[in-house]
Each structure stands twice: as structure tokens, then as C-alpha cells.
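Two complexes are shown next, each including chain A; its partner changes from chain B in the first to chain C in the second.
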Partner chain A sequence: MNKMTVSRRSILKTGLKAGAAGLAASALPFGLARAQSPITLGAVYVGPRDDFGWNQAHAVAMDILKQVPGVTVIEEENVPETDAVAQSMESMINLDGANLILATSFGYYKPFVVETAKKYPDVQFRHAAPLWNADTDPKNAGSYFCYLNQAHYVDGVAAGLCTKSNKIGFVAAKPIPSVLSNINSVLLGAKSTNPDATVQVIFTGEWSLPVREAEAANALIDAGCDVITCHVDSPKVVIQTAESRGAKSCGHNASQAPLAPNGFITGAEYKWETIYKIYADDLAKGEELPNFIAGGYHNDMLRNTAYGAGATPEAMKAADAAIEGLKAKKPIYVGPLKDNKGNVVIEGTMDNYDPVLDGMNYLLEGVQGSIT
Partner chain B sequence: MSVMASSAPAASRGLNPRAVRMIEAILIPIGALVVSALLFSIFLILLGKSPAQFFNLIWVGGFGSAFSIQNTLQRSAPLILTGLAFAIPARIGLTLLGAEGALVLGGFTAAAIAIPLVTGGWPAFIGLPIMAATAMATGAAWIGIAGWLRHYRGVNETISSLLLGYIAIAIMNFFVEGALRDPGSANKPSTMPIGDAYRVGPIPGTSVHWGLAAGIILAVLLYILMTRTTFGFAARMTGGNVRAAQAQGLPVGFLVVACCAIAGACAGLAGFYEVAAVHGQANASLVAGYGFTGILVAFLARQNPLAVVPVAIMFGALAAAGGLVQRRMGMPDATVLVLQGIIFVVLLVSETFYGRIPFLQPKTGERT
Partner chain C sequence: MNHSELFIVLIAMIGGAIRVSTPFMFVALGETLTEKSGRINLGLEGNLVLGAMVAYAGSYTTGSAWLGVLMAGCSGLVLGAMHGYICKLPKVNDIAVGIAFMSFGTGLAFFFGKPYIQPLAPKLQAIPLGFWSSDPNIAQALQVNPLFFVGIALAIFMWWALANTRWGLIVRMTGDSAASARAMGVSVDLVRLLATAVGGFMAGVGGAFLSLYYPGSWNEGLSSGQGLMAVALVIFARWDPIKCVYAALLFGAAGALGPSLQSIGISQGYYFFNAAPYILTLFIMIASARSKSAAREVPGELSLAK
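Let's turn to the complex of A and B:
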């Protein structure tokens, strides 16, 4: 955690600087700016590019880089988090001449991105999770990340006003900090508009287990939940199951609105194109890419999916207001807060980017479920 | 066998049965590969893609440069070991799907035993053999259970080994997400890293890890064991007819469990190399499907331990080139899976040609 703390502090500084640079650069039309030398960008995805989730969010945003003159984008999907990813990155470098690699899955970083970056010091590597450590990791590597829990908070705000049973169902993959933070943010968002709201969570144990995800969604609906959301790699099955059962739903990672024409409320989405645009601008100018970019609503790195038929007018209004609040860095975690075992876990008010939140290992009071 | 060989009238045509079998063993798989390539070409043409470009990319990505060859060999290393893990029990008539579980559990126990060794300051030349032995023993015990259940309790070994695999993964997850979790691995639960001193480096002059060498050596040793020793003869005889073997007084129970244990040790060793040479710790990435790809490898090699090596290298090449096919031809990752599927089906069909190729048959039609 100490490593994380250091990088997390530096994040915000670099992130803001990079954000400002990006804004300045975006004033330049691409036509005038030209890449100094040709860039071949290799993008590696852990799943299919059309998974309605994490990988699709990246693949869609990658389009902005494809439009930069002098940049060729090559892509490889379904690359597992084993030495296969090291081999794929090396293959891109050796056979396609890639000189910038975007490795988009959490488990790619250690040891594969770090070791490959040491082996190829002339190639730039950027990885989509806040793991790069300025003290120990190669300078030609780096990280980029968005704190999605802010958008899940907005989901919760809307869901709190859309539920009639006051029960929100959450299908979660693994009880790790980033997932727990999303669950707790949904709860706090829902409670802000509906003090009676509770969240019921089922952990499937894996990132992609479509059958169990469908079972979990059905079980939650059977238990009385009338709004379903999730944090799994591909939310497709969960959202479709909720829709077919007549429940409302909130999305995750990418837009699942087309999957639920009747019940979709809104969804938490990454806005990777903000970061990719910063990269694209730096590439077009022939400048070095920043080593660390991270952020959330305040620097335009998140969005919520356009409201679907499941969102009530009050919910839309409250969610819009919540987004404005987050843009102004209004805190989500306002203490004192207890976990669902009765222990006080947050005493004061936490900044939305406080590194302590990265170590979250509890479910807040109001969440029914267990992480053990 | 020697009795059958001397009585076979094939000699009347100048072909001895042993030579016929060898010719068949080479000709039929190659024929199957050619037919698969033709069928896959039709598939590509229907998609509007060029088969010539595809096979050229497979060559370039799999073997076309020093880098490509190393990429291929690195990917084939675990497949040799998991291929052996299917092939050896198959010789005694068992269809075991347990290599995945044995690999995962072997890798996990290797990473677990490394924790006290590393913190106790033991040097790597003592620690690494202990890790490897632990991984092999765990794998051997795990698949040995399936063999024991099969022989002594009559439990179908295919089902039990497959289900044991899921239990193995669950056991690893239980410890990796609980008691043995490295507190620093917040968002990807893992065991404590074994550290650089305990990492198995590449074979000198290459980027390929030592698991490849271990796989090749084991393939040769197991080939000798299965074809040149009384143990291997007894095992193959048991595979041919259990009752006859029992009537001959062969220790069938021992043979079954021993073959399963050998298989488990191979898979466990693959798990050791995944931890010591690739990941540096145990986590969910150990569940990469090598155990299941090994089944295809062993099938294509017709359960011959020596043939497992080139077949695993072919699968390694397909995997290595798969990325290049995606990148250059804009085809989905599933393309290579389609090719593998076609190869597997054609290969199963080609099994029926053994002993039925007219020009290789003796006049009396006797098959040997």
C-alpha cells in the first residue's frame, strides 16, 4: 500500500498537469500537428473488443488514436494474463515495429509489462491501472486510470429514486478494493436520495462467469431487488437477465443501454478517450507521454450512460446534480460511516482520491453481503 | 507383439508390420493436417480472406525469425508437460482431464512452500528443487486420487479428474484470497512473490524458460519407460485388456495409480515453471487452460510421448502466430480456435484409417 500512496499523491499533480496540457493541445487542429516520427501503437486486450464491458470501453476510445496522422494502431484481443501477454507485446515490437504499447488489463503489469519495458527501453509502455511506481519501475512505463466508483455513485443516486422495493441488487466479481468501492458508492448514492435504500450483493468469485452471473441476477430479483447493477468484466448477461425479468438496471464499464430498452436507468462508464486524446496530442507533437494520469469526474475521465427508459425524471435531475457535485470534487465518503458488522470504518470526510480508499476491505452498513 | 509381428504375412509384400505402423503413424497425421488446412482455406475464402496470407503469417509468426521461434518454444513448454500428463494415462486406457487442476495446485504449492524458504534465507539451489519436488508430488497425489478412485472404487476417471480440477482451482483461490494472500496484492490476490533470487532464468542464449528443456527430457524418459521397460509393457498390456492383465498376475492397481501419478507430476512440474519462471507468485493467472490444450496435443501425438514434443511446438506456433493474424488480417482471436477445432475433428476421423490404407495392407487383409 505504501507504494500506492506515493504514486497516488503524485497522480493528482501529474494528472492535473496532463489535463491542462491536453486542453491546451486540443486547441490545435490535428491537421497542423504532425507526428515527429511514425508511431506504431500496439493495444492488448484481455477479452473480446465487443464484450459490452471493459475491453469495449478501451477499444472504442482507441479510435481517437487511430485518427492521429502518422499513428498506426494494431490490436490484439483475448490475450491472457500469462507470459502470453509478454510474448504478444514482444511480437508487436519485433514483427510490427510497435514503439508504444497500451496494455489494458490489470494483471498484465507485474511482472509482464515491467519486465518487457526493461528489455525494450526504447519502447513506451502504458498500463491501465494505478500501479506504476516512480521509484522502482522503468521510466519508459507508466499508468493511466479512472476512479469509476464516482460514476457508480451517480448510478446509486438515480437507482435510489427508481426503486420501489428499496432494494438494489449488485452482482460482483471478487471482493477486492476496486469492486468494494463501487458497491459502497452505489449504496451511498442511493441513500443520498432514498434513506431506506439497501444494496444486496452476490460475489461470483471470477471476472467472467456468465452462467453464475445470470443465476446471481435472478437470485437478487427473487429476493426482491428491482434495480440490478454489477461489476464483472462483461455486464451483458446481468443486464439482459434483469431486462428479461422486468427489473431496472444500471450499467458498468461501457454502454449497455441497447441491451435493456425498457429498464435501463444509466451506467458507470470510463471515458478513456480523454486520456487517449492526451496521448494522441503528445504523440502528434512528438512529445513524451506522461508517466501517470488518473482522475475521475473532476477532470472529465468518466461519464454516465445517457438515461434510458427506466430513469424517472426526478432520478435524472438528481443524477445530473450529483455529477455537477462530483465535478466540483464533492466527497462521496462522508463519515462517520460503519461497515455492515458495526465497526466505524470512516470517521471524517474522505477526499474522493484519498489513497486510504484504495485499501477498502469492508462493505458499508446498508449492504447485505459478506466479503469472506 | 513380437509373436504377432513374426506371424504377419505382410512380409510377403516386402513391408514388415513395424515399418507399416511407422509409415501410418507419420502419413496419417500429416494427411490430416493437410486436409485440415484445405478445409480451413475454404473457411477463409468464404470470409473473403486470403489463405496464402494466413499460412504465411503462421509461418512468419511461428518460425519466421529467431524471435518467433523463441515465442513458439516458450508457449509450447507448458503444453509438452500437460500433453504428457494426458498421454501417459492414455497408454493404460484412462482418459484423464485432470492436468489443469494438477498444474494449478502444483504451481500453488510450489509458491506456498517458497514462502518459508525465502523468508528463511535458503539459497535458490536448495529452495528451487524443494519447490519443484513439492509441485510434482502435489500433482502426482492429485491425479493419483483419480486413478485410485478408478481402480479401487470404480469411479469414472474422466469425470473425477475433471471435477478434481475445479476443486484444485477452488483450493488455490481459497488460500490466495485468504491465508496466503500477499497484503500488497490488493486488486489481484496473489501469494508473496518468490523474489528474483528464486526466479528460474531463461535457457542461456534464448528467452525461453527451462520448462522447455524439462519437458523434452521427460518426454524422452517417459518414451523409454513406456516402450522399453517391463513397467511400460505391463501398463500397455493393462490398457489393452485389464482382465487379461489381471489374469497374468500384473499389479494392475499399482500400474493405474503409478501412471496417474506420473501424469500428475508432469502437470505439477508445469505449474512449478509457471510460478518460478513466469509469474513469480501464484494467482488466478495459473488457470490458463494449458491442461486442456494438452489433451489436444496428446491426441494429435497419438499418446506417443516423443511425438508430444513436435505437436506441442506446433500448437505453440499457432498461438504465437495467432496474434499476428489478428493484427495483420483483422481477424478475431477465435480464428486460430477454429483451425484447432478443424484439426481435432479431422484427426479423430483420420484415426479410422489406421490399418485401412490399401497399398500398405498385406494381401490377406490382416491388420497389425
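Let's turn to the complex of A and C:
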């Protein structure tokens, strides 16, 4: 049904354009055609917008944008990484008049965002992962990304002072660079305050598998970990399991503080609203949107969840100091660092935004676990 | 792997069997009853997900987890009865209806479940059977939910009742030969409708375990196909309620293998260990279905057997 209407509309649109060749709308540089009309942002989520995780982090930011005068926000949740996302984006453009599409899930980008961007050159597309390629991808598309590992580093700093067993448990989904960087950053953070601290990681193999996530959290606690953190789509189950076993916990993606009234320390959170406000402002002024935004603590794109009952006063003090350091771009990866197989993987000091780190494929010495 | 590490894995597998098996057990028992009456309800995944949602919502609004369990069962009963009624109509294929009901049940649960993702509902309490042990891991592994025992008792009751009661005989007869049941004056459609509805009730209760005990919260990825797997377990258990319990326990234990091996440091090849339950099921299925006597255990009226 939906597909049919959309394709008929696009045929009409193409026909009109051909007839009115040379008319301003299609000849203007991208992004300006609709600059005078009200700003409509369309966000597509892969899961429910209140999942205590990745999607909620985006939805919270969109809720803040709803308060900005002149900005209309439309959202669609549970959109799979298939042709369905192309249809959702097209209906947001054709039926709701969206000027900017925010595609928030990794698998949306190729081919769906790229193809739809080529089809609608007047509409802007931004995708939440560093995948945009200036040479091959359309100029009305782009990427935005935050280095969450900085906030995980802060988690580690606090966790190192909260653990009694010196073992921090990490429930991870898949061994991709951003997940590995979060694990390694927790380790380096913990080691900065507690040289004896180690991190034990269990990979579940999937982004959302609640029963196995609960099993993994239980197994880590059984193995002696007394602080649990994670990188899965929805950390709800992991945090709840840790709380019910009496372990402390650090969050991921969004605030999970209400789930663990006794053991929550702090959590790594995105501050997407900073980026979304930049987009909305640029659209309002009729300026070109930046194609690539990457951020972290130094440009106000991350935050740590307010400390919970699990955080000791020393941990809070150390974590606050770590945040100040990161705002001043203090490096996390200070070499020489070995991976957990004994090879030197980082020789010198790395800038927190060094592109080499985007290809991380190792776990550092001090992490128990394997990526294969 | 030294002695104490083997012990940790063993404890984790026993714990996993107890924690994870209950929903499989309930869905498999429900499906056994339905299939014994000669019909297949593939839609129990929908019952499981809807049951999980209704239980969480019920527990949240009434404040009583057990009332939530009952409401979950009733939601499953309604879905099962609808399946049973539609399959009664002429020229309707029960497998196709089942697939439709799977989507219907999950869709309904997602639609009405939205407001219940965030709030925290009262959960079912466990019985601490590991109180005698000073080892916290054993104590934790033996935290057993009452529904686990209800499931085992239900299996024993079903096994006894199917073999020894008049009702059990009628169910088996409609399942093996509808013609003889009609000759006896039994309404085949009514028996199947009731068997599907009661089977649906059980699957709904299984869903309540997911959202109210382990992992213990409502979200849309909660079941991740467990209801479908449990339907496969019925064939694996050769339509025997007692074997359903074994199958569910085995499946739970195998599922705990992946995480617990990683926790003792055997972290290479976790994708393989995570697939262990499915590989195991496949092998036992091949082994058990090959015997000549296996064919006799299939209810004769099942569209599988025809």
C-alpha cells in the first residue's frame, strides 16, 4: 500500500521536474530549497524509543528539540534495517515534508540512506555512525558520531574505586571497534585509579538477547566481578540482574539509574541534542549542514549519568576530575600498550579522536576475553 | 580447565537449566496437549510474548505478580481458543493459522505493551533452596521460582492424566483417529478447541515467567524466538510431557554453556558455544527420529503425519 503511493508520488514528482526544467527548486544548491519553510526533522529508530538504551538516547534528544520553536519532530520506531527504512524515510519526506532525516541505526546507511539521498537531493540525510565517505557518497548525506568510550573511561575511573574484588564485568554484544574501544576504555579508566583492576568480558553475539544477557551478567558475578557494565542495545536486563545479585553497575547509552537504586555508580550517555540543535539551527538559518560531526566531552556531546548510591565519594571526585581532563582533551590511550596476547598495539600517545582508534581490533592487557 | 573451573561451569549449567527452562517447559507442555488432540498451534510464540506483556502490565497495575500470571494465562487462553475456533472452519490449515497468530500475538503485545516498558512491576519471588550452602554460587543457582515446580507438577499430571483418565483417552483418540472419536459420539472440534485453548493458557503462563522472573522485565525483544523453539522441543520430546521437562532442562543448561565458559576464561569460539543448544537439539532430533518406533509416537491426525 504504502510503497505504491510513494512510488506514484515519485513518478509525479519526476514528471513535474522534467516539465519545469531549470526552475529554481531543482537548480538551487542542496538544502536551500526548503530553507524558508518550517523545519521538520524525521527520526527513524531501529527499536522502541523507550528501551533504556540506544534508541532512548536519541528519543530523549528529539524530545528536547520538540521544545525549540519552529521545529517539528516526527518519529518512527521499530523500523528494521531493511527496505522498510527506505519506505519510512520516503513517507516522512513525501507525506510530512521532512527537511532532515536522522537515520539512527548502523545498518540503515548502505544502501538505504545512500540511495534515498540520491533520489531526494533537496532533503538532508544524517546517519549516526562514521560511515559517510566524501568521495563516493551524496553531498546531502552525512554522518554524526560521538566517542562514547570517553564516558566509559569515566565509568572505569569510578568503578576502579568502587570494586572490592578488583574485577569489573563487561557484557558486550559484538566485537566491533566501538564496543572494543568501550571495553578498553573501562579498563584504562579503572587502572588509572586502581592498578590491580581487571575487566572480564562476555560477548553475547547479538545486540538484543535478554535471556543470554542475564545469563552473561550472572556468569560474570559468579566469576567474582562486583561491578557490572555493558554495551548492548538495551542495558535494562544487565543492570537489573546486577542489582538483584547485589553487584554495582555502570550504565550505557541512556540513564539506567532508576533500575538500580542501590548499586548504580554512573553511566556513559550520549548527548545527541547538541548535534541535533546544530542541525536545526543551520536549517533555520538556511546554511549548509556539516557533512561530518564527531564529538566527545570536549565539545559537549557526552555526559555521565548523575552518581547513584553505588558511587563512593572518592569515586565521584576521581570521575569529576576525569571529566575535566577529557574536556581538555587529555588522552585516554597513552602508550606503550599491549593487547591481551602480549603484542604492543599502541606505541605512542593517541589523540582521543585519532582515526586509527576507529579500527580497534584488540582487547588490551588486563581484559579477560577473546574477540573470536 | 582445572577442577574448580569445571565445578563453576557445572554449577552455571545447573543454574541455567533451572533459570531458563521454565518458559520452554510451559510452551512445550501446552503444545503437547494441543498436538495430542490432533492439531498444531505454531502461534505459541505469540502467546508467550502476549503473556509476558499482560503479566507485566497486570502485575504493575494490580500490584500482585501472581494475578499477573493468571491474567497472562487468560490472554493465552483467548488466543488459543481463537486459533481453535478458526481451525474448526472447513478447509482451514492449522499451520498457516498458527503463523498468523504468532504475528497477531506479538503485534498485539507490542501495541499494548508500549506504556509498560519503562515502569517497574512487582516480580515473582524465588524460593532459596540453596540456603544450606555457604557457596554463594550454589545458593544463587538454586534460587528456584515456584513456577518451575508448577511446570514439573503439570508435566507429571499431564503424563498421568493422558494415560489414565477418560478425558486423556478422549484427547488421544481425537488426535489419533478423528473417525473413531466421531463414532464414539465425541465432538472432535470441541475437544481440539479446548485442548488448544488450555495449551494456549500454559504458553501464556510461560510468558509470565519471562517478564516477571527471568530475565524479569518487559521489552519487545524479550522472547527472541523461545516460543518457536519450544514447539520444536515437542517433536524432540516425542509428545511425552515428562520428556518435555527433560528437553527444556537440557536446552536451558546448554544455553548457559556459552556465557559460563567465557566467564572461566575459555573465550575462543563463543559463537560456537552460543549455538550449542541448537546444535544439540538437531543431533538428538536426528538420533531420536530415526528409530522405527518413533513413527508410532506421532499423533495420527497431525498434519505433520499425514
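One rule holds for everything that comes next: the second predicted complex is superposed on the first by the 337 of 372 C-alpha atoms of A that agree within 3 Å, B and C clash if a C-alpha of one lies under 4 Å from a C-alpha of the other, contacts with A are read in each partner's own complex, and residues count from 1 in each chain.
The definition used in the following text is that contacts are C-beta pairs under 8 Å (C-beta built on N, C-alpha and C of every residue); 3 or more make two chains touch, one makes a residue touch a chain.
A quick note: this is a predicted structure, and the numbers were derived from the prediction, not measured.
Q: Once both complexes are superposed via chain A, do chain B and chain C end up clashing or fitting?
A: clash
Q: State whether A:97 touches chain B only (first), chain C only (second), both chains, or neither.
A: A:97 contacts neither chain B nor chain C.
Q: Taking the superposition as given, does A:331 touch the first partner, chain B, the second, chain C, both, or neither?
A: neither
Q: Please indicate which partner A:245 is in contact with in the superposed arrangement: first for chain B, second for chain C, both, or neither.
A: second
Q: Which holds for A:369: it touches chain B only (first), chain C only (second), both, or neither?
A: So A:369 only meets chain C here.
Q: Can A:222 be said to touch chain B (first), chain C (second), both, or neither?
A: Touch partner of A:222: chain C, not chain B.
Q: What is the contact status of A:205 with respect to chain B (first) and chain C (second): first, second, both, or neither?
A: both
Q: If we overlay the two complexes on their shared chain A, which of chain B and chain C does A:237 touch? Say first, second, both or neither.
A: A:237 sits against chain C, while chain B stays out of touch.
Q: Check whether A:70 is in contact with chain B, with chain C, with both or with neither, and answer first, second, both or neither.
A: Neither partner.
Q: A:48 in the overlay: touching chain B, chain C, both, or neither? Say first, second, both or neither.
A: In the superposition, A:48 touches chain B and chain C alike.
Q: Where along chain B is the clash with chain C: 26-34, 62-70, 152-160 or 260-268?
A: Residues of chain B that clash with chain C lie in 152-160.
Q: Starting from the residues of chain A touching chain B, keep only those that also touch chain C in the other complex, and list them.
A: Chain A residues touching both partners: 48, 78, 205, 372.
Q: Looking at the complex, which residues from chain A come into contact with chain B?
A: 1, 3-4, 42, 48, 74-84, 87-88, 90-92, 94-96, 106-107, 110-111, 129, 174-178, 205-206, 358-359, 372
Q: Under the stated contact criterion, what part of chain B meets chain A in this complex?
A: Of all residues in chain B, those touching chain A are 60-61, 65, 67-68, 71, 74-75, 173, 177-178, 183-184, 186-189, 274, 278-280, 283-285, 288-289, 319-320, 323-324, 326-328, 332-334.
Q: What residues on chain A touch chain C, complex-wise?
A: Listed in rising order, the residues of chain A that touch chain C are 47-48, 50-52, 78, 200-205, 208-216, 218-223, 233-234, 236-237, 240-241, 244-245, 258-259, 368-370, 372.
Q: Under the definition above, what is the set of chain C residues touching chain A in their complex?
A: Within the complex, chain C touches chain A at residues 8, 11-12, 15-16, 19-20, 110, 114, 117-118, 120, 137, 140, 210, 214-217, 219-222, 224, 226, 255-256, 258-260, 262-265, 267-271, 274.
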